[in-house]
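One structure is given here, and the rest of the page talks about it.
Letters A, B, C and D name the chains as they come in the text, with residue numbers starting at 1 for each one.
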Amino acid sequence: MNSIVRDMDLKDEGLQKIEWVRRHMPLLDALEARFVKEQPFAGLRVALSIHLEAKTARLALLLKAGGADMHVTGSNPLSTQDAIAAALASQGVRVCAYHAATPEEYHAHLTQTLSCKPHIVVDDGGDLVHILHEERHDLAECVLGGCEETTTGVLRLRARARESKLNFPMVCVNDAMMKYLFDNRYGTGQSVWDGIMRTTNLIVAGTTVVVAGYGWCGKGVAMRAKGLGAQVIVTEVDPVRAVEAVMDGFDVMPMDDAAELGDLFITVTGCNDVIVERHFEKMKEGALLCNAGHFDVEVAVEKLKRFADSHAPARANIEGYRLPNGRTVYLIAQGRLVNLAAGDGHPAEIMDISFALQALCAEYVARHAQSLPRGEVREVPREIDAQVARMKLESLGLSIDALTEKQAQYLASWAGE
Amino acid sequence: MNSIVRDMDLKDEGLQKIEWVRRHMPLLDALEARFVKEQPFAGLRVALSIHLEAKTARLALLLKAGGADMHVTGSNPLSTQDAIAAALASQGVRVCAYHAATPEEYHAHLTQTLSCKPHIVVDDGGDLVHILHEERHDLAECVLGGCEETTTGVLRLRARARESKLNFPMVCVNDAMMKYLFDNRYGTGQSVWDGIMRTTNLIVAGTTVVVAGYGWCGKGVAMRAKGLGAQVIVTEVDPVRAVEAVMDGFDVMPMDDAAELGDLFITVTGCNDVIVERHFEKMKEGALLCNAGHFDVEVAVEKLKRFADSHAPARANIEGYRLPNGRTVYLIAQGRLVNLAAGDGHPAEIMDISFALQALCAEYVARHAQSLPRGEVREVPREIDAQVARMKLESLGLSIDALTEKQAQYLASWAGE
Amino acid sequence: MNSIVRDMDLKDEGLQKIEWVRRHMPLLDALEARFVKEQPFAGLRVALSIHLEAKTARLALLLKAGGADMHVTGSNPLSTQDAIAAALASQGVRVCAYHAATPEEYHAHLTQTLSCKPHIVVDDGGDLVHILHEERHDLAECVLGGCEETTTGVLRLRARARESKLNFPMVCVNDAMMKYLFDNRYGTGQSVWDGIMRTTNLIVAGTTVVVAGYGWCGKGVAMRAKGLGAQVIVTEVDPVRAVEAVMDGFDVMPMDDAAELGDLFITVTGCNDVIVERHFEKMKEGALLCNAGHFDVEVAVEKLKRFADSHAPARANIEGYRLPNGRTVYLIAQGRLVNLAAGDGHPAEIMDISFALQALCAEYVARHAQSLPRGEVREVPREIDAQVARMKLESLGLSIDALTEKQAQYLASWAGE
Amino acid sequence: MNSIVRDMDLKDEGLQKIEWVRRHMPLLDALEARFVKEQPFAGLRVALSIHLEAKTARLALLLKAGGADMHVTGSNPLSTQDAIAAALASQGVRVCAYHAATPEEYHAHLTQTLSCKPHIVVDDGGDLVHILHEERHDLAECVLGGCEETTTGVLRLRARARESKLNFPMVCVNDAMMKYLFDNRYGTGQSVWDGIMRTTNLIVAGTTVVVAGYGWCGKGVAMRAKGLGAQVIVTEVDPVRAVEAVMDGFDVMPMDDAAELGDLFITVTGCNDVIVERHFEKMKEGALLCNAGHFDVEVAVEKLKRFADSHAPARANIEGYRLPNGRTVYLIAQGRLVNLAAGDGHPAEIMDISFALQALCAEYVARHAQSLPRGEVREVPREIDAQVARMKLESLGLSIDALTEKQAQYLASWAGE
């Protein structure tokens, strides 16, 4: 089975990028040292679909070093980097992906990747799992289980499990503390702003930024907006999170009110139709729109296209939409994940943590395949969380306190003072 | 049964303070309107032990308005305010508490309060529950259940439940999102610094503050330290929280290393012996020590007293301890909860939220007494959390988005984009 | 000439407070070591009027140690602490001041202090200079010059100098970088919030705070408001500062618009009538008002009294004013400097810096009396600024880089790269 | 005289970029409306040397609209964007500049630009002024005066003026409040981090960032580092700024100590040799180096090249230097201005402010040529500062308070309360 990539000549550029991130992913290095010896994935085929840039390539190479037969594709046509695909293909990994694939091509890449009949699936957003359940049961016959990276994917898995439509165990990497507290918050927080700033060359300080959604990703995006000097308006549907946003010093209101106040809108909800026609219509001349949620449905791009009188490129990766009211709003990166479609995704050190979880959870699936109940959406074992945290502290050269025996007794006791 | 208070002549001062907080506790006002009509506590005796200052008095009066026969004491001899005790006693609540009670007197006040043979106990730290189980079974015969306010109390309850030594159901108010996300974080965060600043009159900006413990309280204390311009060192025993502190921009190290760097130490762990002799010994001349955890055992005060050559008052509520090495360290408020023993406790609006939870959980116990399993440590029902959040938004005049039916379907679906 | 104080029995309490701040004012200690030897003030009478609390007492004792015959009063009837006055009187300083003096008594204290016929005046707000020029020329006959501590006082001096109505040289301590960058910003920033939090026991996070004035004091107050979790609205009359506030992430608008949005108003402008009837009228029920500017005319207190239907105490140091529209607004500390009239003023370490400047400037006047042009408002010599900065770094145990000769040449050259 | 650019085919790309920034530079639009009518530069030749990207092009077109005959070059070979040069050339402006010119070519471009014998020079860093004084007196014969954009250029002008070697008046645009408070602080603060994040794809949160220099640029860089979650170490040679950095919550130490602690170093001093061999040697494996000062001499790049055993590209625009001690450090953008050589420079709205000052100062030179003393380094008139501030507020739709007559009297009076 051959790789399907855009241009193998790009491999050297890709290898350099992979080498760069490798140097900043010490947890994966530490795991590789062990995996090379223990070969936890010997004899196993792994299908992996994650945004195909340098950090993902590093993960694939780690699993390969652990004995896996790796089959890799992206998880969004715009986030795949052709140089990385080429580089990875040059290292003995089978890759089916290229940048700006059409929806049909993208879907074909997913299926081609699954055609290895994987033992383990590493999914990001749930597309691999979807195909294995809805379209190609035949490719699922060897599946022992898998891991899911995102909030969106976990929502889909839980929906599926509720209807008893999940046929193998999936570990929710997203729900590990070492994932959502870090990747979602600090990773998204930084990479979204990296993407926005480089794409727009506009000031953040003094502007009004509307962040839709105050989950961990939204918290990170709002925190960094404040750190860059913006005023932040948060929109939410969950009252507890809404009060949290108030106490964090942000304005809270419905999108209907925020629409006319924002200079820049960032959706990060996991939900569709967060910004629709009646919001576009109220926006200020020149308002900027982007999305940091998994799918490009949060800003309702199709509705925007139909609603606008015309649209035209305004700067690289920015499209201006002229509305019937004569005003123009600008959409960044076609409403796709702004940190990946207008940037390089999360910083390497963040993905080092997330992918250490992925690697350990994949190992967990490999080692406990027999004992995991089929069809279960499984939490990451707490010990894996703690192990990754300890590895991270070690990589930073930090040590922390340990409870003495007496302190442990005190904490476990009901006697009080 | 009569009240036992220091001086009834103080009641007008206390009533003024209660009236002041009443104006800033709109959630309790809203509940009172309903409780007056529905009388959920009619015929029930409630024993309540919470730091006896104005906000607590407001809660007691709310429960009384809901039909309860109220018996109230404090939860720490230093946090009881005599004017509040007098004011409350003047309003038909039985109060047994005074400021600076000896340990024996304090214990007597707890027992006297329980002598009403309560139906419901509202506890803060677990002392009422302790007496009812270990000392005075006879006073527990009517107990339907109760509520616990603090992390420390919940730890003790769970320890007790693990050993099957809990004889009635207790609701963990502390573990409600509307409690720990707000009271522990924003409440402790502000009130600790209020207490420290007013007591020391020293600068925070540019100093090095050591925060022991990075739970919700510790996060709040560290966040405000940064907001006041300090550099923050965090000590922790939990590796995940330690990495979180790093990513929040704080130094992380063991207390053995932090001891020599800190200008001010704040313990907020729930554990004992966090700062002991070998730490005191390393501290800089003039280091300040205080505690924001429930019990006065985090800074090991007794050990400090024995270790020091001498001690003497240095400013109101600050004691200087001269160490064998010739340096002097200063302990604020005897190592007791610095926000209560050196201040007025959490801001009124924060306690409005926490006590709305308390009131609704007490009502929940009253209404569901029959169906709650005995001996269970019970989570606050999610609906109560959401209800309090909605009440808070309403009191702020804020509204938020609601999911459309289509959005709810999208979120509940496994089909993806 | 005897001291005029409220109660000499309070002196031990005062001495303890002075000792506490002495330990946290290392720059003054270092100066004292030199002054004791050099006696720069030998034979000179010094009249000093600064808010009479512990740090000011420490300054007076330093000047006395340098040989001065000290005559001290306060600079605001509400900020004088009787225990400090007593303590200072017990140490051989003549003191004329007590807390809550009537305007007539306060004025008498100023005149009595000046009756020593001072050689040097240390003024805070300009009252000493005013009396010496407008009322009692006879007491000015020995004056060599003096120092002024505040923005307000400097404004008055410059106005006077413009009209050639200043009869001796005055050094603007306020305009030293080590003064306004630190005392005005970090000192006011912290002490104002200390005063507000201890007096109200209300939450800051999530509220809307209106800061009138975005000079160095206002910047400090706004920065700490943000650090405590508030949303901040800034009002200004200077367009450059207004844009600065926008870029710092704050809302900017006229007070007429801010009046209806604020939960808490803090004036810090140096100007009168910043908040007047038409603003009171628009305010929300329960709005809090306070002032951090030198005089109690920024919130127009007299107008508020006349405008309100009635007023009554609401909590210690808070007065509720019932307005004709039925709403009540609350004024903290009678509209006087909230950090002094509702707290202990700036942190000791801040006043250590400011008073090191004062002491060095007083020494400068003493040593250069002959050469200073009469009637000049004089900048603090840059070398004094740099010296105080170096002393502060030394007291913190910090060292910094020094330019190499080559670097100094590079910087002084026009040749470029 | 023809333009000298790399490739006129790039003009459409350049025009799009210029159009994008034009939409975000409302102050220049407002000035254009007036300039078109008044033609203040009619008959005048203007030589302009500023980093040649879209915002600079917008300024050049504004001056042209005001009647000027424009001759434009860049101010750093790496910051020139060829598409912008082509676009500008297509609009009737003479351009001599291309990206990555050799030092000789770059110098030739400056001279070719000056060969128009300009009436007004708009300089950035001082290279035009240098040539006109040291190399080509013949080209200076028509010069009426000019404007200088940067701290570095102003330093060079003042050095020249001190030696009476400045032959025409130059206005220090850099020293206007609306320049250094905004461009230097918020502009540099954001654009430096934009450049670093996009170039490295590494995390900022939790890292240790060393900022050399705590002037307005350094303050901005440090503030945003904190806002992105980093810990910041500041190095300085000025003691006042060093204390300021301490009070802002940063560590302060000499570079010799900081060298071993930093993960990322940013120089922003205006001085040379800030980081040299003995610092490189102490750095951690993988340390990142970059410069945000005007010239590429702050990180001593030539010394690094000689000191290193070898160097090789590590990622686009990042070079790894392998040191004799076996460790590798990474230099971003060859040590040139990281925000311009690894990004698009300051946000458009910031340059809108700075260039409004430039345009108004150039107009001031044009209108007051006769009355300006030759050889003077002149401050920007305060009224221009205030005018730009008011224009900015207007463009934001904001209004502010105005002093009443009574308030103005109060402020101007020495009478006090």
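Here, a contact is a pair of C-beta atoms (placed from the backbone, for glycine too) under 8 Å apart; a residue touches a chain by one contact, two chains touch by 3 or more.
Everything numeric in this text was worked out from a predicted model, so none of it was measured.
**Q** Quick one: point me to the chain whose Cα centre is farthest from that of chain A.
**A** Computed centres place C farthest from chain A.
**Q** Pick from A-B, A-C or B-C: which interface has over half of its contact pairs in common with A-D?
**A** B-C
**Q** B-C versus C-D: which has more C-beta pairs touching?
**A** Spelling it out, more C-beta pairs touch across C-D than across the other pair.
**Q** Averaged over CA atoms, how far is the centre of chain B from the centre of chain D? Could you give it in whole Å?
**A** Averaging C-alpha atoms per chain gives centres 53 Å apart.
**Q** Counting in whole Å, what is the centre-to-centre distance of chain B and chain C, each centre being its mean C-alpha position?
**A** Taking the average C-alpha coordinate of chain B and of chain C, the gap between them is 37 Å.
**Q** Residue numbers in chain D touching 2 or more other chains?
**A** 186, 205-206, 226, 229, 246-247, 396
**Q** Chain D touches which residues of chain C in the complex?
**A** Within the complex, chain C touches chain D at residues 125-127, 130, 155-157, 159-160, 163, 165, 177-178, 181-182, 185-186, 235-240, 242-244, 246-247, 252-255, 270-273, 295-297, 353, 385-386, 389-390, 392-393, 396, 398-404, 406-407, 410-417.
**Q** In their complex, what parts of chain B are in touch with chain D?
**A** Where chain B meets chain D, its residues are 205-206, 226, 229-231, 246-251.
**Q** Quick one: which bits of chain A touch chain D in the complex? Just the residue numbers, please.
**A** Contact set of chain A toward chain D: 16-17, 19-21, 23-24, 54, 186-187, 189-190, 193-194, 197-198, 201-206, 224, 226-229, 286, 313-315, 318, 343-345, 347-350, 396.
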